[in-house]
Structure formats: structure tokens, C-alpha cells
């Protein structure tokens, strides 16, 4: 992807949310800068006008393009000849929909964090709106950009695994094993507030686990049975979710996402088993993929090696053995989005997006809602819409 | 356990099943011999009288103690002054109950493979009969004898993990990913015949996974929702099972057992997460246990090291770094059973068995039946008896 | 290090070498861009003027600051008011010295790839020159910037390991196991040309291995015995090096670097054993460090976790479990150099550099020369200068 | 190897050394019992007559075959019609030669622990004596019996690795990192006493590391340079050894053995790199072998899987995924020796021994002596005899 850096054009970018103290805003900026294909020019970086100003200055933005709120920003940027082409939305989840709507209505492409909204109605509204306006709505399911996740997806598409039988995916963390939110931890506070997050473990990381399985397998989920738990005393939202999955065509699966899993840091992993072989990928060691053809020894496919397929190579940069990580993959996603937007700017056909868009976002929110519905009804089986 | 070898007495042992070509019979004999505490003296090693004779001679048994069938054997051995004290039952599952019954009725202790029976009614009958006759009925859930499984159990008992929140257990194999039973593979044939096995993946390995969780956590299972699958075309029995678990007291869990999991050889593993820490143990690397106290780095507890607790040390033999494995643990189980039987022989109090007995066997069969009931009703939640 | 992005100032940067097709030039640019603290403004990117122009334009440089050669560049940039403050040198090794000399003489700080020169005389010359001119001469031993390498260094400094006894370091690759250089592979060609590289495995990666041990332990090397090999038929330079090490104070060590180690991709790893504990770090899994206090279980120290010390935290960015990799660490090194240069620009005291400088570069070249001298004399013990 | 158990004959065995408190004696007894091919009938189990009696009775030996000393035992057993056929020697190293001599002279086969003697003169004497008497002299280099070590050996023999280039072998422990011998630890005491052990780390475990490399590669060692260290204050013998190796034909290697390597438990591992591929095996995870064909992904060869070759399968018992360990491999070695002895007893041709014999023992002691000579001369290169 070094050729990226030789492209003369960069996407003019704005950001809503992601001001001082935010974790994910900084990651998005790193990611956008990674391949040098964006110029961050404007921001409404906090729900507090004062904090937004302070954060914007700290980032070296032109003071007149630091906005007190996102509405003002959408209006002003849409009016400028050199206004932003795309906005990154990294607010708490409940603000994704209103912010995205305003920018879409202003004719600005959207790059939005996940889960894309807190209701599927909102997600469908945004999908329709983006379609109507002919705008891109990308969703930053960053884990889908790891080279070996792409490699895995292509293996499935090419039939290397045969008929898929079992999907096992987990996303286990332990950062909320103690009641952090009761001690003034800002991120823990909004992420455990049902009104702001729209879901606890299921929304924050369960959605990533679902998406990883969805992305690699391409299987359509038929129905599920789920149990949400709030293990930490006093917590108002789920911090653990366990789901049985039934896919169309007969595949079955298990999904576990937890924020109380002491011993797991950010343990997102997936195993996909088919009639002709199985694969396993572990996010904390993202530079290798285990691939076992039926009846043969397991192979370790290394990122950057000759064994990697074209889809994997597309988001891989440095040679094998030089570990790529979280920011690299996040940056690869941003780079793909830039390529897509530049193709549009140049009037060309960007082709089908290889990265997650609002269509994935809609299904992701529907998954969350179905899990919540199942759990509320005692773990009954509920069909996806 | 070297002191074992200094004990002058050995248990006089017989075996039903386990003749030529049987995998598990040979393992039981290795295990019994491991610490030199048994003398194998009699056998009805096959359902075919001829094969039984041939196998018995191959094992060097006294020809007059090689029997054509188990009924003859129970009768004859019970009548001898030097008759066997205990019988090992390693037939296909559906024969466990009738064989065990006959030996219990003959006053002979039973050591039985798992699942103990194919119906819970039979298991309860055997439990009552063993109690009535004052005989030991041990069940060879061999994985429970690994030193670090004992260590983990003691950690839970001592409260090191705090309140248990999540149990995740899996037993994934791939030996039945192709339709072996359609090609004359003897073991595959009976293990995939519902009449002989009483359950496929759920009976053969799901029962081990259940038992491992049961043994370590001591939690009582309240209810479950399960889906059994038969992925291999033409197979008449389940080869994959996925279960959501609810324990009394609020803990939740997932269990996955599969015989079609290409990429997994004998991947039995368990994670137990509590409010104060989490542990993880993987059967294929049985000499280490990961232990993470809340907020601290993960420790690798090595079998044989100073960090191992007394319960772990009880079934550990060679020094740390000298790997113990499957036969060692199976042997440790046999050694414990020998100690128990010798204490009884000497008229002493053997104390509470540290190893699985018919009580565990009963619960195991009830677990299997509940899983089957849930799956038959479309994955509905079903309470344990 | 997000605060980095809030710093209004960036270092004005130039680059010599690193044009089209170069691996390491692109990595340096990624690294410099990572924390947004540099502006790449000028370059003489190739020894061919034409290629330099093409590469410079591809990178979007101002055409008048794309130079045909490094001498022209040094002169012109030194004469501009907005000239570059620092130059990155990423040419083949034999050109490091002449290029660095010209820029130092022009009053421009140097950031140079390793090994810093092909002779220790040159390295000493550059050290003296940099000192005389009061300029920074940083050497990009990038592996020293991994957070857990810093953590390890601080552990040693604080005495956590007690007296160091054994150092075991290896850097094993397999990319040159076949005679790539005979097939037109550009990088392989210069790296296996003694005139351009100054050393094969010893120069390219042995120097990294030496530096990693030097950086973490702080031990002074007394003498060594070495064997260089050229295993691939027709190769004119070493592709494997094995060294016994004696440190002042009694510690002993082994160093192995290989480019023919089939099965190893970029397997740089180090174990340091002291009287009070031992550590192990593996570059391909850079987000964990194994730490074993004498008599206690091994701990896995995770990057980003609460267990990481201040030195580790200094070059760590994203939360634990979100893997950082090669570019992250390289970027952290660049970020430290930027902080240092900005402090100088502001007239402040930058303090002692935490990153490798020409002093390390001198010792590194002396190490290479001593290894070569030992090997030439049949593996005799040779003292370091 | 289950067929072993069907063999009617067992080898009549005696033991010298290995009484109460001895680690390795118990392991040898386990190993001999493993496949039921030996009958332990006689012993002089301690240098103290009283302890020998006590130990023999504890093992259930016939009192008249418990001897006060090994000379008495050799004489008496040789005179009995049912006397032992083979003796196991598990005394401290300095006693191996005199004991072995006496038994060979009495016409009794010898199974001896390693290092076989403390001087190569003694080893050569025993070699000659065994040859003269036509007796087997087996040496229990147990690590050579692990199935995947056999698999690796066969791969090398078949040329799968091409021309061998690099051998890297280590045996790192930490049990002597503190001065245990100064606190009354019996095993530590004799093992650190130069008069009894004949070598510290080099003799105890360096000899195993050497043998593993020797066994797998079949390469002839030309010369070496070594440094022995005694890191623990007050220790009279080496506790760490580091060696550069030169093989005939051009291969090069490194050997490290240490008893002070905090963080390593029993970390014996080997990497063999050839022109066509590389392998890696780690004793603490003995059930897998990494195999990387040049230019292809690494394969994990699992013990018991279809990918294991005939040599590996020969010493493998239980199915893949059911871990075998230290005692299993030790037992496999004993079983091979039994097959050899039974073939001799039956007057057949046992064929070439697949297991280590006195020829390996001689070379092992020569290796130790060469290492000691090199170290004494300041690490100079010394040729093997």
C-alpha cells in the first residue's frame, strides 16, 4: 500500500466527537494519517463547545473550522468550496444517528463508528438516506481489515473450507470486571449507560464478534438464542453475552462476548469449520492464521508470506515477521475508504466496497436487537428480521 | 506417587470388553499398570467368545480365567477365593448397565467407562444397587485426574476465583469429519450407532466437557438450551453439540463439543471466570494452567512447580518440565481408586472419593438426556432433573 | 503519545535514499508520519537523478526540493530559511558515512539507518563531527522502541533481575535461504554485496540482535568468538553468524543471526537471565514479555496493562490487547527523536537521549568488526576495542 | 505398542542404585513397567546396605535378591538359573563404570543412565568389554525415544531437509539457580560434586542436548569452542555451558545448557535448518513438531496423526491429541530394549539398535571432555577425538 502515499490527492476530512480524553477518536486520526490519504480540516470534537475548541486547537485545526456543535459544522462545511468531503463520527453510540443524518443531508460522506445506531429503525433510515443522496456510509468495523481476515474471507469464497458447518466466535475482555463506572472512569461511564450505549457487551464488542463471523463466512443468520448478563453488582447494562446461532443452510455457531472475562485482554477470535477444512484467527496474534485442510497437518499462514492470497495482500504492508497490529488494520480500512472516495471524486466507479458499509451496520443493529429480544424472553429462539 | 510402588498389596482386577482392536481397553490396562497397584487376572474381553479367548491369551491371562461372557465371569470370579475384587467395564456404552449390574450383584466393585449408561434410569438403578451392596462404583472421567485440573478445583474451593460468573468449555475433535463409519472403521461404527452409543458427540465427548466443568466448578446446573447437529451426510447420530448453560447462583456458560472440528485434534479446554480471577486449562498442553488474578498479569502455573497446591500435587509424579500426559493422568485415577479399594479391604475408612463415582455418572447421563430433550424441542430451555 | 499530535510544531525533514522499490524508506516515512510530528519536505531519494525525481513527485514533494543528489540537497537546504532540520539516511550501508558527513557539515541533524557505517573509523569520524557541530545523530535501531523492550530495560536498571548471568539473543530469518540475489531481487542484491553492505547477516540483522542485548542489559562486552558462514552456494557474504559472548562482570552469552533459517520469518528474540529472575521477549509477539521471578511462576506482562512500568508506557499508545507492531515501534522512535529535536529548537535541554545515537552506532560497528576479525582468525576470541 | 503387552516373555531385570529418595530410579521402574515387558527381580539399590534392604523390600523384591552391594549382586545373579538378564544402572555417574564392568564380566546385559562414564577411557573400556562378551550395552538417552524425535530423525535421513546448515540446541533449566546444594538437597549435592558427577550442566543436561542433535542429524562433530560457567557463588562445578559447534561437511551450531536459567523449567529444544527446510521440536510440548519446507508455510506435525512417518509411529501409542509425555517416551525406550533382548534370547537377530548404545555413550563422554578442554583453554577451538 506504499503506492498510497504517491497519490497526489487526499480526502478532506472532518470529525465529530473524539476530543480530549477519547480513546477511539485518537485511533481514527492515527488510522486516517497512516497512509497519508486524508487531511483533517474541521471538527466538532466534543458535546461541550469549550472542550471542542480546546481539542481542535490541540490538533492544530484552523480555528474557524473548529465548531461548537455538529449542526453548525455540517452547515458551514457544506457551504465552503474547500469543505470537508467526509466526516468521521466517533461520538457515543446514541449520537451516531442524529449526527450522521445531518451530514448526509448536507451532502457529506460519512465514516461512522459501530454500532452504527442504537435502533435498527435509525440504521434503516440512514441507509435509505445515504442511498437517496448517493453518498458513501462506511462503518469502521476495523477488525475486518486485518490482512488475514481478508485472506480468510477469500478462502471461504473460493470454497477452500467446503460447506461451512460450525462458526465459533468470541470477544472476551476483562476491563469491566470491576465496577469502573462507579469510580469516575469516563469511557466506562458512557459505555455502561444504556441510554448512551444502547447495549453493553453486546453493543460494544458483541457487534464486532458478529461482524467478524458475518464478514468471513458470508452466511446469513437465521435465528438465535441468547443470554445477556450483568455480572458486576450495580451495573445497569449487560457485561456478558452468550448466543447460539443458526445460519441458513445448516451451519451452527456460538458467540461469546464478555467484558468481565478476567484473563482475557482483547481476545477476539474466530474458528470456522467446514467440510473440507478449518481456520482459526486470533486478534491478539493477528499476523498468523491457522489453516487445516481435512486430514492434513495444520499450516500457519503468515501475513506477508507467499502463502497469503490476493485479498490478504491488499491490506498488508510490511514484510512477514514485522508484526502489523491494530492501527495498521484500522489504517488499512481508512485507506480503502479513501480509494473509494477518490474514485468517486474523479467520477470513476469505485466498485463494490470491500469494507463494511451501512448495509453491514443495519444487520449489526438487527443482530443486537435480536439478541436483546431473545434474552428478554428468557433465551428463546428469535428469528432475525 | 512413587510410594505407591512400595505397597505390598495390589487389587485383583478383571476386565469386560477391551479385547483386540479396542483403543480404550489398552489405555485402561496401561493406566492400571502405571503405578503397579493392580493385577489383571480375569477377562471377558469381547462379545465374541472366540475373540475373548484370543485376547485373553495375548494378555497372558490364566486360560481358566478367560471367560466367554461376562455373566459366566461374574459368577466364576465371585466363587473363587482369589477372585477379582474389581471389574473394569470398557464395552460399548449400551452394555455398561447390564454388565455393571451383574458384577455388583456378585459383590464385585466396578470401575466403568463413561458415559456410565445410556439412560438415567439405568444409572440411578446402578447407583442404588452399589449403595445397597456397599460397593464402589468408580467412573473413569480421566481428565479429572490431571494434576492441574485438581489444582484448579482446589482454587475454586478455596475461593481464589471469587464468585464464578462464566464457564466456557469445549471438546473439539475432527476424527469424524469424514464419514469413517461408512468405511469399516470399527470404533467409528459403534460410536455413531445410536443403539450402541446412546449419543454421538454429546455422549462421547460432550459428557467429558460437562464433567470437567462440573468437577472444577462444583456448580449445580439449573437449565440449558442445546442444538445437536449431524453434519456428515448419512450419519445417524449427532457429531456436534452446542449448549448454553445456566447454573444455580447466576453463573452462565457455553459448552461446545464436536467431532467434525477440522483443525482440532483432542481440544478439550476450559475457562472459568470469577469475580476475583480467571483460569484456563487446555488438555493438549496439560502441564500448565493460566491463572489471572483480577488486575494482575497472568501467571503460568506449571505442573510440578512450587506453585502447585496440595490437590494438584496429589496426582502429579515427575518433576516440572518433564511432561505428563494422558496415560499419566489415567494412571493417577486408577491409583486413587486402588488406594480407596485397599483402604476398604483393610477395613479402614477410605474417606470421600476424590475421583468421579456413580453419582457423577448419574448427573452426566442426566445432562446428556437434558441436552437431547432440548435439542429435540428445537433448542428450548430445559431444566435439569 | 496522543499528546504528540497536539504539539503545534513539526520537524522539517528530508530523506536521502528510500525511493521507489525501497522497503525501508517507506517504513521510515510511515514512522515519521505516525505521530504527526514531521513534515517531509525534501529528498534525494535515489542514486539515479531520474529515479529521485520520479520518487519525489510520487511523494508530493515540492519539485524544487527534489534533488538529483545528496550533496546538492545538503547545500540547498542549508541555504534555505525553511530548510530541513533533519535528514533521514536510508541508502545502502556504504553510503551512510559520506551522506551523513555532508549533512552534519551543513549543520543538519541526522537520523540514520543501521549499521551506521561500514567501518568503525567512519563511525568514530561521524561521532566526532556530530559532537563538534553540536548536532543530533540518531540511529534507527527500531526494535529498541518496542514498549516491552523499554520495560525490560527499566527492569534491569532497577535490579529486578539481580546480577545478569546469561544473555541469549537471536535474529533468525529465512528470506535468503535461496539465492535470491542471483535472480534479480534488488534488495537481496545490495544486501549480499560486500562492497555495499559491509556485512551480510552480521551487518543487517546481527547488529540488531547485538543492539537489543546491549540496550536491555547495559552490559559492556569484553570479548567474543564467532563463526560467520555463507551457506548459500555462490553467495559472497555471510548469511549466518554464531557468536559466544563474554561480558565484563562475568555474564556470558550466545548470539545467533541467520538469513537462511527456514522456519523463522523475522524471529528476533532475547532471553536475559539474572540471579533474581529471567525475562524473555519475542519480536514477532511484541505485546507480551515473560517475566519469571526466581522460584515463582512466570508472569505474562502485557503491553498497555497496569503491570507495565513507566519506561514501557512511554512508547506505548493503544490499550492492552490491541496489538502494536513494527510500525508503531518505529513511529515511537521517531516521535522520541522529534521531542528531542523540538526541545533543542526551543533552546531547552532535551536531556539524555532514550533512543540509540551515534555512540550506539560506533559500538555496533565495532561489534561487527570484532565478529569479522574473530571469524577470519578461525573463531578465536577477540576483545572489543 | 499395545502388542507389547501380548508378548508372553518378560526380561528379568535388576537395578543398581535408585533406592529411596532417588528421582531417576523411580522413573526407570515406571518406564520398565510401562509396556509390561520386564520383571524387576533383584537390586542393590543404595550404596548403603541398610538403605538397599529397605528400598528393596519397599519394592516388594524377594528378600534374598536384595543385595548389600552390586558386586555381590552380580555374582549371585549370574549364578542363578533364573538370574537377571539385564541390569539397570542408576547410580551417581562416577559409579557407572565400575558397576557396568562387573555386570558385563558376569555376562549380564547393561542398561545404563547417562553420561555413561566420567572418562572416555572408561567408556571405551566398557565398549570393548561389551563387544568382547557379546552383550548389549544400552544408554538411556530417553529424549531420543519421543515419537516426533524419531520422526525428525527419519526426515533427515530421507533428505527432507536437504543439506543441513545450522543446528541450534538448548537445554535450559532453573532448578539450580539458587545454591540448593548448600541446603542439604541430596540430588543437588551429588550433581554439583565434581568427583561424583564428572561435570555439572555439561554432564547432566548438556550431554542430553548433544545427544539429541547427534541423534536427529547424524552429523559428525568436527570441533567446538566452549565456555563453562559456575554462576552460583560457592558452586564447585559448571552450571551453564555455551558451545559453538562445527560439523564435518560444513554445518554449524550452537549449544546452550544451563541450570540457572530462571524462567526455563526443562526447556530442551532443537532447531535443525537445512537447505530444503527446517524443523523445530520442544521437549515441553513433545506432541508437535514444526516443519517448514523452503518457501512454504510451517506445518504442525502432530504425534499420532496421519502425517507422522513410520519411525515416529514406532514409539507412539495413544491417538493424536491425547498427550504423551516423559514417562511414555522413557517407556518406549525400555520397550525397544526389551524387544532387542528378547530377540537375542530367542536366538534371532535383533537388528541394529534404534536406541542409543555404548557407542553413543562413548561419543557423549568425548563431547563432554572436549567441552571441558576447550573451556579450560579459554574457549579455544578443540577437535573431537
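Per-chain residue numbering starts at 1, and chain names A, B, C and D are given in the order in which the chains are listed.
One rule holds for everything that comes next: a contact is a pair of C-beta atoms (placed from the backbone, for glycine too) under 8 Å apart; a residue touches a chain by one contact, two chains touch by 3 or more.
These are the chains along with the protein names UniProt gives them: A, B, C, D = Gfo/Idh/MocA family oxidoreductase.
Values in this document were obtained by computation on a predicted structure and should not be read as measured data.
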- Could you check which of B-C, C-D or A-C has the same interface as A-D, with more than half of the contact pairs identical by residue number? B-C
- Query: Of all the other chains, whose mean CA position lies farthest from chain C?
  - Reply: B
- Can you check how far apart chain B and chain C are, centre to centre, with Cα atoms defining each centre and the answer in Å? 55
- Item | Centre-to-centre distance between chain D and chain B (centres being mean Cα positions), rounded to whole Å | 34
- Can you give the whole-Å distance between the Cα centres of chain A and chain B? 43
- Message: For chain C, give me the residues that contact two or more of the other chains.
- Response: 264, 291, 295, 298, 302, 305
- Write out the stretch or stretches of chain B touching chain D in their complex. 2, 5-6, 8, 23, 26-27, 29-30, 33-34, 36, 58-60, 173, 175, 264-267, 283-287, 302, 304-305, 317-328
- Could you pull out which chain D residues touch chain A in their complex? 291, 295-302, 305-307
- Message: Considering only the defined contacts, which chain D positions touch chain C in the complex?
- Response: 165-166, 168, 170, 174, 177-178, 225, 227, 229, 231, 240, 242-244, 246, 250, 252-254, 256, 258, 260-264, 271, 273-280, 290-295, 298, 378-381
